[in-house]
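Should a chain be cited, it is by its letter among A, B, C, D and E, assigned in written order, with residues numbered from 1 in that chain.
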Amino acid sequence: MLFALDPLFLGDAGTLEILLIVILKVVVAFGVLLVTVMLYIWWMRKFISDMQNRIGPSRAGPFGILQTLADGIKLFFKEDLIPNKSDKFVFKLAPFFSIVPALLVFTVVPVAGDFSSGGDGTVTWFGNKTFVQLADPHIGILFVLAMSSIAVYGIMLAGWSSGSKYPLLGSVRASAQMVSYEAALGLALVAVLMKTGTLSTHSIALNQSGGITDWGLVVTGFVPFFVFFIATTAELNTPPFDLVEAEQELVGGFHTEYSSIRFALFFMAEFMNVITMSGVMVTLFFGGPSGYYPPLGPAWFWGLLWFIGKVFIFASVFVWMRGTLPRPRYDQLMDFGWKMLIPLALGWVMLLATLDVFKDRGYDSGLSQLLILIISVVTLTFFAGLLMKSIAIGKHKREIEGEEVFG
Amino acid sequence: MAKLPLLGDSKNIGEDGLAGMDHNFLTGKIEDLVKWSRARSMWPATFGLACCALEMMATGSAHYDLGRWGMEVFRASPRQADLMIVAGRVSQKMAPILRQVYDQMMEPKWVISMGVCASSGGMFNNYALVQGVDQIVPVDVYAPGCPPGPETLMHAILQLHQKVETGEIARRRNELNGGAGIIVEQRDGQTATKVVIGR
Amino acid sequence: MSILNFFKGFAVTLGKLNHASESGEVVTTNYPEEKRNKPKRLHGRHVLNRYEDGMEKCIGCELCASVCPANCIYVRGADNNPDDPTSPGERFGFIYEINYLRCIHCDLCVEACPTQAITETKLFEFSFTDRKQAIYTKDELVVDDSGRPRHLPWEDWRPGEDEFTSEWMRATSPSGSASYQGKIQWAGELGYGVRPSEATQNIGPEETQGEQ
Amino acid sequence: MSDEAVNEETEQNNETEVYETSSRGQTVLHTGRNNLLNKIQQLYSDGFTVCIDVTAVDYLENPKRDLPEEIKPERFELVVSLLSHQKRERIRLRIQVPENDLTVPTLFDIYPGTEALEREVHDLFGIDFDGHPDMTRILMPENWEGHPLRKDYDVGKIPVQFKEAPGS
Amino acid sequence: MADQLMTDDQDEQQNESAERVFRRGDDSAILRLAESEVEAYTPDDDRRMVINMGPQHPSTHGVLRLSLEMEGESVLRSKPIIGYLHTGMEKTGEQLSYLQGPTNVTRMDYSSPLFSELAFSLATETLLEIEIPERATWIRMLMCELNRISSHLLFQATNGMDMGAVGAMIYGWREREEVLRLFEIITGLRMNHNYIRPGGVAADLPHGWRDDVLKVIDKLPDRLDEFDTLLTGQPIWHERLQGVGVINTAECLALGITGPLLRSTGYAWDLRKDMPYLQYDQLEFDVLVGTYGDCFDRFAIRLNEIRESIRIVRQILEKMPQGDYKIQDKKVTPPPRARIDESMEALIHHFKIFTEGFKVPSGEVYASVESPRGELGCYIVSDGGPKPYRMHIRGPSFTNLQVLPHMLQNCLVADAVAVISTVDPIMGEVDR
């Protein structure tokens, strides 16, 4: 387990040196993240205009690349307002609940390093070996879950404290939606953790450095990835699952009453979350910074490049979805989460576990594995059928009841 | 507030914000930056009323693309919007709500009166319409036409951008005291058109 | 296959990224830098025309003012000074004002004008920061000495845009009668001479008539 | 109701009669208010199942108009347009409403779709529909005084601004 | 066809059904409160709340205001409050002559202005008892069908926007823009054309119009297929619209609802087919009907009506006759410009028509057309003068709006958005 710790602390570097390197990493990570968010929002607007036969932002800076900066400055210098009816303390606090977790999640994502096959994921800076990630706690991936749960509070409190009806509806939606999809998210994670056997994000990434066949995506058999991806979309409130702020229904959802810099914080948090969660997804399923490293220049640079590339693809997929899909209804979203995603993730975890257990018991020949697979699939299908049937019965009953109530 | 060294006379800062400050090496640059950003990121509120609303939305669509000036972000919540495009005729029943939405918007805020119905009642010179939205809210730019084509609206927006960047808007509002200068005859039982509201 | 249908939409939006294709073409006109070509009949801001010798066409008859549904035209005629006439007839438009905050560009004034004095340009890119700017006086409406509309500071003229100033007048001049299509019975304009009639449909087999 | 009692004697003859005329080839029925519901119920059974429109006209400035001789012209006139899908026919009813008694029985029970239409007539003309579930203003603000579409209600024109016009 | 659908048996059933839903005192769907009371109303049950949608809400299509009494997210009772766009057009219509009239009515239904002009012109022509020339009729049909296309495309855009499908919204606007540019070529304006006038149309189709029209309608089918892939086949779209806001034929007839709403219940009633005006009886087209009367049916009907309209436009292109485009009646139409100089009489007519307008014999008529939203009627009373004594427009959206409380009952807020969107009210026409 010690392996998970940053080698910086194991080496013989002096305290001051360690401190400096850590501070440097913090500052750089913070700055880079802010700039990335800025660029991402610009890219989102450009990409979506491209899909809509438009030009998109083009006035602020070359190609409108400073568009987000302009938005930020403008919002910063706008009049701020705290509604009379609001709970003032909570109202002020809520945006920070939203932005701080978004920043913190990024600390555990391995960004670069030598993740080539056989590499140890480290980088040597100023003569010290270190990880290119802010921290690598033992519980790494649980930290992500914890932080994303806390972010819900930001949204929930924001809506509740505004003292107005639409935000309240938005925050009610938010809390229910997040809680439901948190479960699916966790179950999808379990599949990865089972395969890698570690919670440390660094080790998870390192485990996958052997090539595409080692990637979490392949090892866990695709399904957990899709569950994770959909659950993430819901967690992030990005379209099509942006019910929390559904403009057409709830005007602005939880942030209706927010203006100025507080709104900017929500705005930023939302997109920062997209980037960090893309990073988490890359770490878990796509091997983090691993990939083909040409024997040229420092290895960590190639790792960084791979990482950025993969995150970029994911971030763009989110935009792509934004531009394509209509928004589902709230109850359909919940139905989908509870009746589809969670059973699917649960079943898949059971399947993986069964295979693993029998493997440990020595049934690891291809034939026996296939047999076990078939048996498990049949069993699971049976239970899935039961579940579907019970859902159908429940729905039917509800309809009858509904008629009685409203008749 | 006292006169601060370096920052010049700042006694008006409480009332007028940055605009009330004397120019100095620091605020001069900041003000330029702020104006630059305001002109490039002016989020309109969705305030569509009638025919002009269609043209306003058409201006946001692919053929004209307000997104080029960072304005495709139509904010449904007035709290986050900077620009109110009064697109269409304002009836006596709507007038109080228009004012309410305007009041909900945060400073700095601008108003474009889009189309002749909003600007003056247009061809509907009758009991039902407010004859000029500038009796209710201070208007910065008027776009003529019924409805104004997207180009006209874009021209109005560009003109507003320019004024925001040169700071002319604030000055002009002070001069005109915000109101439109129309005197509307009082009619029996109707109160909504009377008031000429200042800044 | 509903699952498949789910993904088909993604193909459509992705297809738009191919800007070379017909469906993905970027259709935006980059307005302040470029301006799209306006159709000839477009109703824009008005001009008051002058005859080829520089005389004004308006005779102050107030037909335009009376037909205007928005009452946005104010005309007062006056007798010409015989020594220095403004218009060839007896009277001329002494005051001519259009309130563009009322004008709905229905172009009934253009159809009504018996002397083709008031016509519309293709200019629609103008906006005002002051109500007073919106009331155009005669000085602003009447064409300049070369027969071109005056370019006011708050209007966005581009080179060549002041060419077509009377298309709607010419389009409605036959007033529905097929036998009058293509017949020209109007005086020349300063700078343009006698404009041809709008290319028409009705004389002879359709569409055989070329442009002009 | 007292006014009606006064009028009853004079109107007795033509209240229950239905007169059919034609206006530019369109069938128009004239009947009295008391007979309105009966007639409409009858038309409904005849297949005129859709009420297309309910509106009113204020004949203050135009007292002379085409009416059967038996019908006494009044200031207001309620106009009901019905449509029969089977016969593909339209029929129009014109009902005289005197100025001093502006009540008409509601058509809501036969055609629920007239709810908004009757409210509009109430709002703009001041005609009350007896038995309507929600007889309030619909278009104008609730505290508005007067009924705009009456002929004695001013249009409310203000002078158009010009630079050199007298008085500006 | 309509009469086959309406057997006696069904008639009875429908009466019963109408009775069930709308019986007096059954206010389970409608929040029967005056506008001022809505503000102050707080339900007894503290699980319920009254929420105000509009008049300035992104999905209420302008200035419709809905008061919703909700329990959680489901709507119990509701009340549409209108009048926020009341323009006094009927009063203004009495001030304007028949010549100026179209400029007024065209601003009612601003997404399909030509239909209002057409209804007004038809009513005036019936009063005048004149026949308009063949070519004018066909030009009118061409323009109206193109307008129907643009109006339904607008529906696709706003519907997409309301459902959160940003792509569909922008594509809808883009396609609509192509049609608007066509209008701009023909009428000189993008909206509010003042093109169809009593006696014919304002101007002839310009040179090369055929190519321009063909260019647009050749391009459109492909783009409509894009809507099909983006929306019609999309499972989320199905989930959102199917089974939402259901209404049946009897309820529609009871409420006087027309247009795509009525057709979505499976009842084929289209004035173009059933009571033809202009020359629609010479054209071949289908009346599209739905089955379930839900939001999806209404969406699908509108999408496919665009295709039908394209079919009609193609036929019109073939059949467009030559001739006058305005009636040559010197009392109604101003003389050709070339005649003003030739004849004093023509000059006098010209002056008379433009100062005073033409006089219309006294009488009263009702004329109706099938607008993209349903039956658009115009009732004109003339006192023999040059201005209508009373001009009333029967806007389909106004009547159609009454269905909202019934459709919204037991819906979620998100469904409310879908329902409003597919009823597709244009507030200009509702409030007039």
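Things worth noting here:
We adopt the following convention: contacts are C-beta pairs under 8 Å (C-beta built on N, C-alpha and C of every residue); 3 or more make two chains touch, one makes a residue touch a chain.
These numbers were taken from a predicted model, which means no experiment stands behind them.
The set of chains touching chain A and also touching chain B is given as C, E. If each chain is reduced to the average of its C-alpha atoms, the one that sits nearest the average of all protein C-alpha atoms is E. Greatest Cα centroid separation from chain A: this falls to D. Chain pair with the most C-beta contact pairs: C-E.
Centre-to-centre separation of chain C and chain E, using mean CA positions: 29 Å.
For the pair chain D and chain E, the distance between C-alpha centroids works out to 24 Å.
Note: centroid distance chain A to chain C, computed from Cα atoms, is 57 Å. We define each chain's centre as the mean of its Cα atoms; on that basis chain C and chain D are separated by 44 Å.
Shared interface positions of chain A, defined as residues touching 2 or more other chains, are 51-55, 247, 251, 323-325.
Taken residue by residue, chain C touches two or more other chains at 9, 12-13, 26-28, 30, 69-71, 99, 101-102, 104-105, 131, whereas all remaining positions touch fewer.
Across the assembly, chain B contributes residues 61-63, 65, 68, 76, 92-93, 120-121, 123, 125-128, 146, 149 that each touch 2 or more other chains.
By the definition given earlier, chain contacts exist for A-B, A-C, A-E, B-C, B-D, B-E, C-D, C-E, D-E.
If you check the complex, the residues on chain C that touch chain B are 26-32, 35-36, 69-71, 99-105, 124-131, 134, 154, 156. Listing the residues of chain D that touch chain E in their complex gives 23-26, 28, 49-53, 55, 57-58, 61-62, 65-66, 79, 81, 85-86, 88, 90, 92, 108-109, 111-117, 120, 124, 133-134, 136-142, 148-149, 153, 155-156.
Listed in rising order, the residues of chain C touching chain D in the complex are 70-72, 74, 95, 97, 99, 101-102, 131-132, 135, 137.
Looking at the complex, you find that chain E touches chain A at residues 49, 51, 57-59, 73, 160-168, 170-171, 174, 230-231, 234, 236-237, 239-240, 409-410, 412-417. Note for the complex: chain B touches chain A at residues 18, 33-34, 36-38, 40-42, 61-62, 65, 67-70, 72-73, 75-77, 79-80, 82, 106-108.
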